[in-house]
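In what follows, chain A forms one complex with chain B and a second complex with chain C.
This part shows the complex of A and B:
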């Protein structure tokens, strides 16, 4: 625990004892977290507190208790909060759009809100993020005419404006097709400046593919923080396949090859142990936390 | 990275740099806030400029202004206030658009995203308020287009800068109100409701004191601006009203900022709010001040005794007496008058010269005009104003001379079709004077049932079966050349037999009913001209004969008249004699229909 505290206190972005309630519902219950430069995946089921945590880190929400520090800045101080926001790119989970704006118009508007006031610089920024998300050809299209996937890419594009040092993306791959997801992974991994990136997702394979770090949030608490390999390793010896469904398994599903994949305490006799994945580790944690 | 429990800690960074993570490209200069406001305001202004709703408001506002001024004399002291009515309509749409813009983030579920930007809600609201300048072009287009129309129609007077500025401020105040609403309420109907309230407030005053009319955003009805002989300072109190609108705009802006800003600068906002409210109160008090007695005395005198204020010009034996500033009307008055008189030699005209005189009507008591003055003073003004030639119908004892044609201020139309109608109207009046048809006759009314002596009254006389009536109408026709379709009479409606009894206007002359006024001529539905005097009642027979004469070669009729003016000016010469002299059949006219209670009208016998 001492080691963990030390790491938290020196992280670029850190949260100490964050808790947040919405009426009788506890969204966060004492979250300690430190985020380094690079991509961190945030995994958790619906209602785990991911969106609340991200909104607090984005200075949009305030915790009931606990502290947040972003690059050494305290969001409780008005001036420092603005400074944090100057370094921030944020994609909320549920984002509406000004549907009558054009794509470029919307990005230009957001760029001004991000204090990119120089016109030439703004135009360059808009062009750059449009190219990054593959929407250059849609620059003059009204947002109302975009598909759901295109709107999601537009949301990512606005978050990228200004080359943020802290990029918070709440379920950015929702609505993207497989090709777009691949492109998104490539985009994040190639962002210049080595920013701190936090993305929440239900897609464990996204985490495995691009996140050097992963945090599992369950019932408002951090249940795991480590590398994807470590998360997968946490399920070692708990995953097996069999021809039949095994009643003692915590989680079972039938694969494309017709065989059942099980996650449980230990494989029964005759079962074929298999190498665990990030998803297996996450599911095992979820079961242990009683969320499944 | 680390977690409180459940997993291994992650490697951290060695040091934390407060300047770390600063993103390139962002404005860090001391004027960054101002630059951001200007950038956002530019976007908001462009959205307003390109808004189809505001374009619709501009068109609707233009239509409203057009409807308000199209049939009125282009008097700037009336028109500039009517432009404000169009600004009300434009302001309604600006209010709706501004409310939608201010509530954009919440309505589009983007509150969280906006909250993550360094630009605060307060700065966004300031930018939106500044962006209202995007509504200025539409407002100026309305003013400019109306100005072009009014100037092309021969504008009288000059526009009031204070009134026009007030219209612009009204649009800005409406937009600021929309932003204030939008910062609190995101439902789009809120803006619509605000627009409806703005529209309703442009009606008559519901305040307990009449001058409160001016306190509304824009009072559009209930004034007498269109009939005044000139601008009257303080009616309406334009400068104070513009100040009130500026105060309202500022107050709405303060409310919007106070709603948007969650913390800080409350003291400054409070001070600004107090100043705005004080400005509104001061402007209200200024608007409720009575119009100075001297100004009202001058106005009533101008109305009651037009000659005291007018300048007269004599041309071709006709005097034209106009209020100051109306000199530009002279050519359009001279043209039809001279055209008639050109066909009537001087020896045939009446000895008294014809006077064409402007008159102004003033309806008193009107508390928007006379508020704050003692009742006795108002009664005196009322009695004085009733002596105006324009008010003579309410005072039969005030008989105007028969050689005067009156032009009520505000009724002489502008260029185009209505002006042609007015030209015919004036030509007809001049022709009736030229052929000496008296305008009225004094008649006796029998004693009332309650007893008492018989009363002398002035009634419009009827030129029954008098050739000079047809000549007068013919003179008006050849002087102004109305289009073939402009003159429609009984024949256009299938003849007398096709006319419903309810359509018939007939007067009882002696024991017979004479159809009158059953023909429509250019200007017959207007009041561009009254007179001479009450004006005779044209008969259907006279009209039909004149039309038949107009179908003859002009020289033929002119030669007949030149050879026998004394004969044709004699009221004993009949329609039949004139028809026979011209060799045309006498149009047949129905004898008239009996209508109970028809009063007996005198025949024009002078």
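This part shows the complex of A and C:
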């Protein structure tokens, strides 16, 4: 935790002691976070506070207490908040669309909100992001005619407009099929300018595949910050497979090979220890935090 | 080339009548200028050999990019006749694009407003021509149908304008509101652009209907100030309370006195004398609050 605190103090995007309540519900309770350039995955169950945290970093929400610094800028200052927003690409968890817009029209609208007022430059930016998400053929399609996956890709496209230095994506892979998720991973890896990217997800395999850094958020607090390998290693010695389900395991499920995979404190007789995965480490942390 | 017209590539053609390879290369990479470009293009339209030669020098990625940009420029809405007319009047295209996201500026909304006005104004007109029996005349308004016939119009007309302005700023009417908040474009500017445009768009049919209803000749002018005050109050109140509650409060601020005065058979008092003074004061105070608390519009409605 000391190393994490030290990393927070020098990070490109910093959050210190963030707290936020909605009535009696505590969404965030003293979150310290540091994000460097590159991709950071934010992992946590529903209600963990991921969306609240991301909305605060995206300057669309205010914390009750705590500070945020984005590239040295303070969102509490009106002028600096605008400057943050100039460098920001944001995909909210539940993005609505003006359904009467075409795909290109909607992107043009968002481009204007991002102060891309020159018509030619706007067209170039829209063309670029359409190509990046594979929606070039849908430029003239009305949004109401798009499938859920296409709308999600459109949401990613609008976040990419203007080559943001900070990209905040809340559940970006929701609704994407495996091929599209693979393409999304490639897209993030190839973004120019090495932006700070933070994405939230429930999918541990997305974390393992594309995020050099992962933060686990449980019950409004950061429970882990490190690499996926370190998260997996946290479950070392706690994961085994067996032919039968064992009641003492914290978490059990049957794999595709018919054997039961267990996460717990001690293996039963006849169980075989296996190398832990990122998901195993996450599940173990969740159990320790009392969320499972 | 065997055309009888002068060879457009004549000045740049080599001995064989075709542009040199280095000229084609510079054309393909966008380095050729002026007359040379025109000459080469005119030649290419009728020479398959040079088109094939050109393909060797063309940057495929640049061509694909240009094609994408062209397709997008086609797809970016040029807009209908109204939009083109507004552009010719000097309104920037990007502002019109922002307004296209405002529900109360869409044809369906404006037609609905016109429809409601047609009903309430039509009722008053029907009384004027005796198709529906009128109330008894009163006081200074003798010679007109009873002022009671104007009650529906007086109540509804400003509320229609308020509804249009509310639709321009309430997050529930903007599915992409979070994107607008997270963008550098000033939230206050966006609100003003949309609200003023919605106000103007709704005022036109309202004032036109006020000219038609069989009331006093000063009615259209008298409606203007209360309508503006109502909308300004809603915006000001939205900086202090939840936006939907602010709009509901503004609506009640108009409807309740209107109904009370209607019950007392003096509905036109809501647009006369002291009421006009009160509306002027409310408008000024609301404008001041909106200006002072404009940062509230930069943070969305999360609190």
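Quick note on the criterion: the second predicted complex is superposed on the first by the 288 of 292 C-alpha atoms of A that agree within 3 Å, B and C clash if a C-alpha of one lies under 4 Å from a C-alpha of the other, contacts with A are read in each partner's own complex, and residues count from 1 in each chain.
The rule is simple: a residue touches a chain if its C-beta (ideal position, glycine included) is under 8 Å from a C-beta of that chain, and two chains touch if they have at least 3 such contacts.
Because the structure is predicted, anything quoted here is derived from the model rather than measured.
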{"item": "Combined model on chain A where chain B meets chain C, clash or fit", "value": "clash"}
{"item": "Contacts of A:104 with chain B and chain C, given as first, second, both or neither", "value": "second"}
{"item": "Contacts of A:216 with chain B and chain C, given as first, second, both or neither", "value": "first"}
{"item": "Touching partner for A:139 - first (chain B), second (chain C), both, neither", "value": "second"}
{"item": "Comparison of chain B and chain C by chain A residues contacted", "value": "B"}
{"item": "Touching partner for A:33 - first (chain B), second (chain C), both, neither", "value": "first"}
{"item": "Which superposed partner A:62 touches (first chain B, second chain C, both, neither)", "value": "second"}
{"item": "Contacts of A:12 with chain B and chain C, given as first, second, both or neither", "value": "first"}
{"item": "Contacts of A:126 with chain B and chain C, given as first, second, both or neither", "value": "second"}
{"item": "Chain B versus chain C as contact partner of A:153, first or second or both or neither", "value": "neither"}
{"item": "Chain C collision site on chain B, chosen from 116-124, 152-160 or 404-412, when both complexes are overlaid on chain A", "value": "116-124"}
{"item": "Footprint overlap on chain A, where chain B in one structure and chain C in the other make contact", "value": "55, 58-60, 78, 82-83, 85-86, 88, 90, 92, 95-99, 105, 108-110, 112-115, 117, 158"}
{"item": "Residues of chain B defined as touching chain A within the complex", "value": "1-27, 32, 35-36, 38-40, 43, 104, 107-110, 112-120, 124, 263-264"}
{"item": "Sites on chain C touched by chain A in the complex", "value": "65, 68-69, 71-77, 92-94, 97-98, 100-101, 106, 174-186, 190, 295, 298-300, 302-303"}
{"item": "Chain C-facing residues of chain A, complex", "value": "55, 58-62, 78, 81-83, 85-86, 88, 90, 92, 95-106, 108-110, 112-115, 117, 119-120, 122-124, 126-128, 130-131, 136, 139-140, 158"}
{"item": "Residues of chain A that touch chain B when the two form their complex", "value": "3-12, 30-37, 40, 55, 58-60, 69-73, 78, 82-83, 85-88, 90-92, 94-99, 105, 108-110, 112-118, 121, 125, 158, 162-166, 195-196, 213, 215-216, 221-226, 230-231, 285"}
